[in-house]
């Protein structure tokens, strides 16, 4: 089975990003495929590379980049939502691309299931 | 393609405009998606019915008035637009208060349409 | 005391919680999505009308206009940002976020 | 259909709205702050118990534990992330955000 | 200084932990503020009463467990901690469920304390 | 009268930042003083200089910087909340300083009134 993941909230402020991460990990462990992970609304903040949480806390951006590298995931930040919020190519983590909402449409068509996390 | 037919996508609009960006950025999603030929429906439920309220003027709060764009939904191929009657009634709204002609239905009708979808996106 | 409510009463508990705490003659300002409580004809009309009898209840005009709300609950007073500032100058604010 | 509810029923209308839309035998997963609805002894216990009779209602175990909730409403089933994945694989998801 | 006496500050905690960061970052505010000698009170109302629930274990969601830090509130000079009885009752909680001994009071008591404050900060 | 302003939500996603801006302007017009404007929680995103909203929309970061310059306002971003979210000195607008929560405490003590905007 192929999942598409849509993340609508930013890191730390809401649990959405954590839930999406835990879900994605569990889906991969169960042998499912991830068609793509799309960041929209404040979700675009998840990939800001300058995050420096306290040492005993998770680094949400780094964690996404590592998961993407390990499983060759397609992480996409919405260009319109990102521009509005100051998320541009120079401030994002590796393994992420910035692209349009058409990519979210593609994920909806290609994936067997869409799973959305937000507030 | 995950399906050998058109994908059925429903936009579930439950948030009021201006207080948060969900309605506005949700509308952007609808308009972009419509360029891809699939089967679209939109449901306005709970505070989402306020999205369609006519005579909005956001100049006093310095925010962009975007809701007239709902008028192009139909032209963009979002042919089925459902509005929840109970949500309208709770909020003292009648179809005359809305900027587009809509089908006012009960929650059960919306639920049955929802049950036919491949994807439900919340805004 | 100036209580501020910026949440829709249809979705959030903020207004109910505010009303459970307000004291006689306190001021309550509805703004942002909070102004939906001030709309006439909603299922909260009688609750808000009763509140307007006990407290001074205001709704922010620019937020009403943005949402296309013209008829408001009897007893609720419309104020602008200057009025909001005056209320905040005269009272300690308790924000019901 | 898998309905997901991640909001506290004490603060938000999401669960009520979900229950107004759910069809017989639909699945409802409570997670994040949604798991407060699964707690035993709250004012929503009878509502959730009734829902668990009509639908398949689950609560995400890790979210219950994080919030210190041990006793849950009769009829609600605890699942883990693997169970969440299995539910999402078997059903189209409707998120009540 | 705006006042010729200690400033009275109340932290109004209405949000549950983990689902959002408000409780956690609110606690950070309380601890830093306590270093400044002023008069502090904290009220736990609505879902905020869940902040004080004991026996939390957030390891399964990969988030930091922070709520044991509420135990140091008193040592840090936040001497008055009020918990709303009705909020507790609605949520099926008793004082035994909480990690610290608290004064369970009614909303009117909290409202009267609130009325004496110079600043009310919401978390 | 002196106001302290606390902003708890980010730009665009919630109206909080707009309301705070409109309030601050009205307070200045009425002849009041602003002791300081403190950005906390997701509020720290308000000062991200890379924002590029559509041309017909407001630029929230630029607007804050211009208001600060015109009225010599003290804009403070919480260092802990900012670090966690990737808001560091290299990505912020002019007329903003990054400092600790102690500054919020100072504002509470110095200002006659605190006014909070959030979600």
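The first chain written gets the first letter, and so on, giving A, B, C, D, E and F; residue counts start at 1 in each chain.
In the analysis below, contacts are C-beta pairs under 8 Å (C-beta built on N, C-alpha and C of every residue); 3 or more make two chains touch, one makes a residue touch a chain.
All values derive from a computational prediction rather than experimental measurement.
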{"item": "Pair exhibiting more inter-chain C-beta contacts, B-D or B-C", "value": "B-C"}
{"item": "Remotest chain, subunit A as reference, centres from CA atoms", "value": "C"}
{"item": "Chain copies touching (subunit A, subunit F) - same or different residues, decided at half shared", "value": "same"}
{"item": "Gap in Å, rounded to a whole number, between the CA centres of subunit F and subunit E", "value": "25"}
{"item": "Euclidean distance of C-alpha centroids - subunit D vs subunit F, Å", "value": "38"}
{"item": "Two or more partner chains touched - positions in subunit B", "value": "18-21, 46, 61, 63, 118-120, 122"}
{"item": "Residues of subunit F whose C-beta touches two or more other chains", "value": "8, 12-13, 15, 19, 22, 41, 57, 80, 112, 114, 116, 118-119"}
{"item": "Contacts with two or more other chains, residues of subunit C listed in rising order", "value": "6, 10-11, 13, 32-33, 62, 92-93, 95, 97"}
{"item": "Interchain contacts, given as pairs of chains that touch", "value": "A-B, A-D, A-E, A-F, B-C, B-D, B-F, C-D, C-E, C-F, D-E, E-F"}
{"item": "Subunit B-touching residues of subunit C, taken from the complex the two chains share", "value": "6-8, 10-11, 32-33, 36, 39-43, 45, 61-63, 65-70"}
{"item": "Residue numbers on subunit E that touch subunit D, as the complex places them", "value": "16-20, 46-47, 50, 53-61, 63, 65, 89-92, 97"}
{"item": "Sites on subunit C touched by subunit D in the complex", "value": "10-13"}
{"item": "Of subunit F, residues touching subunit C in the complex", "value": "1, 3, 8, 15-16, 19, 22-23, 25-27, 29-30, 32, 112-119"}
{"item": "Interface residues, subunit A side, partner subunit E - complex", "value": "12-15, 18-19, 21-22, 56-58, 119"}
